Structures are given as structure tokens and as C-alpha cells.
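Following this line, the structures themselves.
There are two complexes below, and they share chain A, which is joined by chain B in the first and by chain C in the second.
== the complex of A and B ==
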């Protein structure tokens, strides 16, 4: 590892940021796990595997949204992003650093939930299934990273946490992550089928052998969702250098 | 001038939506000297700096840096060090971590230990940025600006809000860079700072260059004398006296700016025989600057 490499230094700075803001880091990591313990392991013992997939989705989505959304909005307001853009820093490494951070969070959440599911929820999977589940959920965080990034570029640092919560909680609930959408009334079920977290959860349910998914359809929804926020990110970035 | 150009701006305009910020700037900045950019708030100083840095896109006109480079190009950015106004950093990093981070951006960075020593930050190296005082933060931001051994240093109000001690440390560091041949663009509200450090002064107002020249030349451009006195005459009466440019009634004494001190004083003495504490002095750069920006904006009365 080359200590003088700017990308490594920027990624390191992002990780130090996470380590040094436990007030943000711990709730992001522990809340979804806590919800899973309560709903998946205590309340609905028969649904431990199903809820592992859906609360896993809920957890990685939150990690992605918040690690991007709030921090970008704050750094923009602080003038940190401006100073980095004025210096020869590779700004792409700033974004990459956050993406690594979000993916690391996603892995930690998935591993904690899986361990709890295996130990207390009597969830039994093949090794390949465990790995597929972890892989799907971790990579599935990426479109939500883009959503967080786009919102962070457009929102003020004060508005960002509130707006992100307003998006995160209803989106998770309506996608059937808390209560399976199969018990929703018909009209609400058809709403759920339009939402990206529903499709990420569907893929997770598929690889664990819980419920078969339409891969082409789900991947298309997630891809289009990611793409639209990639466009919003690009527009937000242009706005940053044009109007601010 | 045989000095190389660090920046050449021509016919530079910039609008935020429909609000003009720069209205036709032609400016050549030569290497190896300190140029002070003066102007009231909203004059366009920060916009100009952001254009030079390439963090705002050039809308109209042209900027060339170091001969042929466009702003924002990495080759240009590596030769520029910058301290932005109200600039923040990731504030849970320590001083040493920030220096190491910025050192990694440049091909031949300066010694981190040397800089800590020069800016009297050695004892603070392991302290987080958010636990530093205002003056300590400014010194760290200056260190980040010079860590890459820049050819050109852009400082946007580097000493605003600083105590005299911290200001002296920064001035010393700026003078050391000038002595080493670094070109410096210094945006400041403090005239003593411009007068002490600058070789060349550019006065900006309402997005235009009003005047430029040496600090002495700028001062001479407005041949103002400053008269201070205690008098019983009301301001409206004082304003009608010969050569008077402006009158400001202070708590203690009244201050009059005059185009010809002797003429005004003669009329004063004739009009009021109770005058006390009379003092006449040549106007300094601050006075010259105020006179320049006021006369460019005649509908606004000086405070």
C-alpha cells in the first residue's frame, strides 16, 4: 500500500470519518439488526428466513442512503467538497471512498443478521446460498448509493436527514420489507411491485430458495432506478459547479 | 513586463442566473509578485477566484493559466495552492492526517514537519481539526494551501477573524513565500494587509476593475487628505465647504475627506473658531479604496 497515493488517502479519510462518528455509525448498523431480532427472531419465529432477506434489504438500503446522502450534503455545505474540487484531488476517489464505506456497512449488517438467524432463528442454508445472499444484498446497495448521492447533492445538510428518513421508512414498509407484501391488500401489493427495494428483496428470497423471482424483471427495475439517480447525480454535480 | 504570466483573463463575464457577478474583466497577473484583490462584498472577488480555480465554468471570455492551461486542469491545479473563504475540511481528521492527505495530491510536496514548525502547529499535530481555535484552523488551512509547493498561491481573506498573533504568523509565512518567488493573489478586506504585503493592487467593484496599480499609485489616484477635528458645525454645513468629499460624524471626532486639505482647513477655521483637536493626514489605502468604490456608486451615500 502506497501511503502517498491520493485515492488510498481519500478512502482512508472516509473510513476514519465513519469510525469517528459513532453517533451515526452505530444506529445505521444496529437499528436494522435490532428490528430483525424483534420481528424475525422474537415475534414471527416461523418467518425467520423470509424476514432475514427483507430486513437485510432494509439494512443495506439504509446504510447506502445515509452514508451518501447526509455526508455529501454536509461536506458540500462545509466547503470541503469545494476545497477538494479546487485541489488536484481525484474527486472520484471521494465518491469511491463512500461507496466502499457503504458496502462495508452492508456486509457487516448482512453478516450480523445471518449469524443471528443461524444461531437463534434456526435458519439453515447451504454455504453457496449464504454467500449468494450476502453478495446480492451487498451489490444491491449500489443503486441506493446512487440515490443517496443524488439526494445529497440536491438537499441542504439540515434537510437531508429528514428527507432521507421520509424516503427510507415508507419505501421499506411499502416494499414489504417489514410485513411481507403477500399479506398486503391487492392494490398495495401492486404498489410494492413498482418499488426497487421490493425487487432487491425478491432476489434475496430467490437465492435462499424461499420464493422464486423473475430475475430479468427485477434486475431491470433496479437498473433503471439506479440509472435515473445516476442522471440526477450528474445534473446535481453540474449544478454544483454552475450555480452554487 | 518580462515576468511570466500566471493568469491572463480577457473579457470575462459571469452571471448567476440573471444576476451579473463579473461584467468584463481584463486582467493579467504576473509571476513573482503579490497582487491584492480589493473590493466590497459582492464585488465579484470570490467569483473571479472560483473561475481561476476551475470550480465554476467560464461562461463568457477566456482564462489562460501559466501560458496555456485552462482552469480546472490537473496540470494547473497541481501548481496552485488555495485557501478559500469559509472553507471547511472533514473536521474529524487531525492536523497531521489532513497534511498527509493533501501532500498525497501533489507530485513534490513540502515537508510536513517543516510546515508544522513554521506555522507553530507542532504541538497540535494530533489534534482533530474541530477542536482547534479559529486562528489555529486558519494556519492549518494555509498549510494545506502551501503543502504542494505551489507556484501560485490564492488566498481568499486569509486573516479574517484572526487575533494579532495568528495574523503575524500568517503574514510571516506569506512573506516567506513571496521571498521564495511564489506568485500570490491575496483577497482581503484589510487595507493594512494589502499595503504591507502587496506589490500590485486591483480594485474590483460591481464586477468591474475600477483601478489597478501599486499601492502607492492607488493612493495617489485619489489625492485625499483626511481631516479629523472637533467642531460645532453640523455635517450639512461641513459638506458645503470647499474641496470636501465626504463627512463622517464620529462619537469623538468628525472626519472629513478632502481633495485639498489646506483649502478645506482654511475655510473651516474661518467658519468655526471653536475647533479643537485638528489633525490632517494623507489618506491611506483604505480611504483611497473607499473613495474609489463610493465614487463608482454615487447613488449610495457613504456610511
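== the complex of A and C ==
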């Protein structure tokens, strides 16, 4: 193992960071799982599989937005990002460390929800479907990582948590992650179809055999969404030196 | 590198959990063979039959079938297997869909309910996964007039304004997900309670609008004269049998010529004519455990003033008998949701009354399986032939007694 590889070092640093701040790690992991238990297992029994897909999307989206958005905004204000930029570590390693944390959160959330769904919601899937669900949702966190990154680079550390919540919760609801969009009134359904979380949930619903999805369409929406925030990230990164 | 091993540990735990999560129930993956049964396939009885099912569908059903080697075999000798029953007239609210399923009713046609959850209802009925609720098809909101029948339940009803806007009204229902259009023709004359009702022109316009969109138009009519008006307007079926007077030859001729069907809804007619539900329905310990307390009190509830109409009850029987003999298709329906009825048990009540009025048990079973499926254009329901949904009802012995669902 190459101990000098900066990416590995930053992944390791991120891991230690998560371990040493359980007050942040545990609530972030348990919050979406708690939501799923309330809605998917207690209130709407019989819809456990559908809601596993949508609350899973909700969970990974939150993990991605918050672990990127809030921490980047704070670290930028502290000057830590500038310091990192001056260090020999490439930008990619900085992002890799953060992405590792977000994806780890994502997969742990999905697996916890899956285990609860199987144990208490009587959800039964083929092994390949369990794996694809976890895989899709974990990878699907990436565009939201970019969104969190971009917002973190543009927002002040005080504004970041508030703005992220203001984006996260309505986006989750309007995309039909809490209540299936199929029970929305028609006009709200057409709103949902424009939102990226809706399309990530659609892919999750497809791999679990719950509802067929238009893969090309959904992937395009998620790709364009990720791309636009990648551009915003690049602009935000350039701005870093000048402002803070 | 302690932290790296920690990371690897978490990832291994995650993947191990995923691999250990349970798969679908064994029987669902492969073929299940139910052998040695008396099978009603929707049309006829097959003795000593074998039924092969997989993935929620019937693969084959016949008396001389080879059982695949890897099939899970269920020996149900001495039992009768029926397709899931269809109740062609209900109002589903609260626990209705769970209650009905406990008595082997797997599909219900709702004749008036809020369409708020219709897209969920459609999504659920398209699924072949095991469920604890019966499937639902629905008219959504019904067509009536301000203050007319259907407006007394506290559910706001959109009123069709004029024959010119009938198309618009029907299109709104279809956008809400309605599967057919229900039209109320009720002047209250059969119940000595005058009520405003839709006019003939309006009814014709609604029926035409429904047919133009390729859906059925069905009518509530409680008198012979309003039933005749409905048929003249071109409806596909009547969702009640009238009991104001004995059916006459002219009506039978008209019904046969138009090719309409009728849902007798004898359980609700029994209730409005002051007839108590039979003891075998509520007193029998075998059915009692499938009927909830609320259902029981609903079954024992009477319509106010219904005792005065008891003398008219024989007309119901006579009308069922005559219509059936003449060959007018009768679809079993309970109108459960009303006093004196309950989702599930009341369909069995209807079947028993149809037999009492002269149907053979097999004819009665058809009226709750293949016949409603055919008249409402439903594929795969009310049958146990190759390709049908594997909604099975397994009962001990006599098919006209109470059913015991799987």
C-alpha cells in the first residue's frame, strides 16, 4: 500500500473525522432510516418496497448534500481548503476524500433500510436486486455530491445548513420520495418528473421490479443535473483564491 | 493502517448484509402444483384436477396434467379451488379491501368513491405480488343532480351541468382514473321519498360520452320504469335490480335485445326490505372469525323504516328468477358499504340468495367470476385457465357454503 498516495491519505483522514465526530455521523445515518421506519414500516404497511426505494433515495441524497455542502462551506471559511490547495495533494484527492465519506454514508443508509425492510416490512428481493438497489442508490449519490460541493463553495458557512435544508426537504417531498408521486394531483406529478431525485428513485423502483423506468431518460436527467453542478463547482473553485 | 482495515470491515459488513437479505419465498420462484382438487375454472367444474401456478399466474389447469419435477406439490384432495371472487357492486372505504379478501373476494367494482387514491389503486391491482387487500376497479364520482341520490353521504360530488358539458364531465372522471361511468337515475318513487334526478337528455349525453371514450356506462335505477329509461339511453348494465314491481315481459324483451346485464345486489335489497341477514352468515364460527366486530355490527344494522317494505321482498326473488330464466346476465354484487351488508360476507349472501331464487350453484359462481370479468372486459380475473391471475380461493366441500381463502 502506498502510504504517500494523497487520495488514500485524505480518505483515511475523512474516515477518522467521521469516527471522531459521532455526534455528526450517527444522526446523519439514522435520520433517513428513522423516516423510513415511520412512513414505510409503521404507517403505510404494504407499501414497504416502494417506500424503501424512495426513502433510500431520500437518504443518499441527504448524505451527499450535507457531507459535502456544510463541511465544504465551513472548511472554506476556515481557510482549510486554501491550505489544502497549497499542499501537494491534488484537488481530485480532496474531493475523493469527501466523496468517499458521502458514498460510505449512502451505502450504510441503504443497507440499514434494506435490512429493516426485510425484517419488518416483509420485503423480499432476489440477491441481485438487493445488490443493484444498493449499487444504484450509492452511485446515484454522486450527482448530489456535486450539488453539495457546488453549494458549499458558493454559500457562507452560516447559510449552508439552512439553504441545504431548504433545498433538501422540498426536493424530497416534491419528487415523491415521502409519498409516492403516483398519488399526487396531475400538475404536481408533472413537477416531480422534472426533479432529479424523482429519476434516481425511478431507477431504484425499476431494479426492484416495482415500476418500470425509462432508463435513457432518467440517466440523461441525472447526468445533466450532475454536469451543471460540476460547472458550478469549477467556477466556485476558481473563485476560492480571490474571495476567501 | 488501522483506519484502512476499519473501512474494509465496514464495507465487508455492508456487502455481507446485502448478500444475506432474504429472497422471494421459494414457492414464488418455481412452479407450484396443487393436485387432487375439484377445480372451478370460471366456467365449469373439473374433477381431480391439477393446477400449475408460477409467479402469480396460472400456467395450466386440467385433469390430466404432468407435474414438473421441480414443482412444489400441494395436495389439496377433497377441497375445491375457485378463482378469486368478484363483487360487482361495492363502496370501498376503511378496511373494506382487507375485509373482503378474508372472504375470498379478490376483486371489487366500486360504484362511488373518492378518486383521490385511484392511481395507487391501479398500481396495486396491476401487481402480481401477494397482498392483504382485494383489488379495486372504480367509477369514482357518480353522475347525479344537486341534492339527488349520492349527495347525501357528505362526499362532495361534481355535478354535470348540462348535456352539452357531459363530455367534459366524463373526461374529468377518466382523468381521475375512473374505470367506468356510473349514472344515478333515482326519483325516490320506489322509496316514498321524492328526489331530484337526472333528466333523460342528460343521461343519453353521459352514456354517449362514456361510449365515445370506450368505457362502460352503468346506471343505478330502482324502478322498472327508470330501468327501461336507462336501457333506452344505451347503458351497458344496471347496478341494482328494481323491486318496485314484478318484472314484465316488455322489460325482459328490451333487456335481451339491448344485451344489458344486471347486478341484483340482493343483500342490500334484503336490508332495505327489513330482512335480517341469515344466521349462517354471522353465527357460524367458521365465518365469524373472518368477520370483524365492525363488520358484524354493520351486518346487523337495518335501514330506517325498512320493516314497512317487507311485503315487497318476494318481488325481488321473483324478478331474479324470471330474469335469470329469460337469460338476462346477472352479475353478483352486494352493495357492501351500506347498512345490513359487509365487504366479503355479503357477496356470499348474494350467491346464496341467487341460488335460492333459482340459479344452480355453478351459475351463481359464474356470476361472481367469469361473467363480471367478461362484462367489464377484465383479462385474467374470474378464471383459472392458462394466463389467468393465480388468485385462488380454496374451500372445503360444497361451493355454495362459505369460502375459506388461502
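By definition in this document, the second predicted complex is superposed on the first by the 241 of 244 C-alpha atoms of A that agree within 3 Å, B and C clash if a C-alpha of one lies under 4 Å from a C-alpha of the other, contacts with A are read in each partner's own complex, and residues count from 1 in each chain.
Just so it is clear, a contact is a pair of C-beta atoms (placed from the backbone, for glycine too) under 8 Å apart; a residue touches a chain by one contact, two chains touch by 3 or more.
Remember, it's a predicted structure, so these values are computed and weren't measured experimentally.
Participant: Return fit or clash for chain B versus chain C, each positioned on chain A through the superposition.
Facilitator: fit
Participant: Where does A:83 make contact in the superposed view: on chain B (first), on chain C (second), on both, or on neither?
Facilitator: A:83 contacts chain B only, not chain C.
Participant: A:16 in the overlay: touching chain B, chain C, both, or neither? Say first, second, both or neither.
Facilitator: Both partners, chain B and chain C.
Participant: For A:186, is the partner it touches chain B (first), chain C (second), both, or none of the two (neither)?
Facilitator: Touch status of A:186: second partner only.
Participant: Looking at the overlay, what does A:115 touch: chain B (first), chain C (second), both, or neither?
Facilitator: In the superposition, A:115 contacts chain C only.
Participant: What angle, rounded to a multiple of 10°, is defined by the Cα centres of chain B, chain A and chain C, with the middle one as vertex?
Facilitator: 160
Participant: Is A:127 in contact with chain B, with chain C, with both, or with neither (first, second, both, neither)?
Facilitator: In the superposition, A:127 touches chain C alone.
Participant: Considering the aligned complexes, could you tell me the closest Cα pair distance between chain B and chain C in angstrom?
Facilitator: Nearest C-alpha pair, chain B versus chain C: 12 Å apart.
Participant: For chain A, which residues belong to both interfaces, chain B and chain C?
Facilitator: The overlap between the chain B and chain C interfaces on chain A comprises residues 3, 8, 16.
Participant: Give the list of chain B residues in touch with chain A in this complex.
Facilitator: Residues 16-17, 53-57, 74, 77-78, 80, 82, 84, 86-93, 97, 100-106, 128, 144, 148.
Participant: Can you name the residues of chain A that touch chain B in the complex?
Facilitator: Residues in contact with chain B: 3-6, 8-10, 13, 16-17, 20-21, 75, 77-80, 82-83, 85-89, 241-243.
Participant: For chain C, which residues are in contact with chain A within the complex?
Facilitator: 1, 3-4, 6-7, 10-11, 14, 17-19, 21-25, 116-117, 119-120, 123, 131-133, 175
Participant: Which of the residues in chain A end up touching chain C in this complex?
Facilitator: These residues of chain A touch chain C: 1, 3, 8, 11-12, 15-16, 19, 46, 104, 107-108, 111, 114-115, 118, 124-127, 130-131, 134, 180, 182-183, 186, 211.
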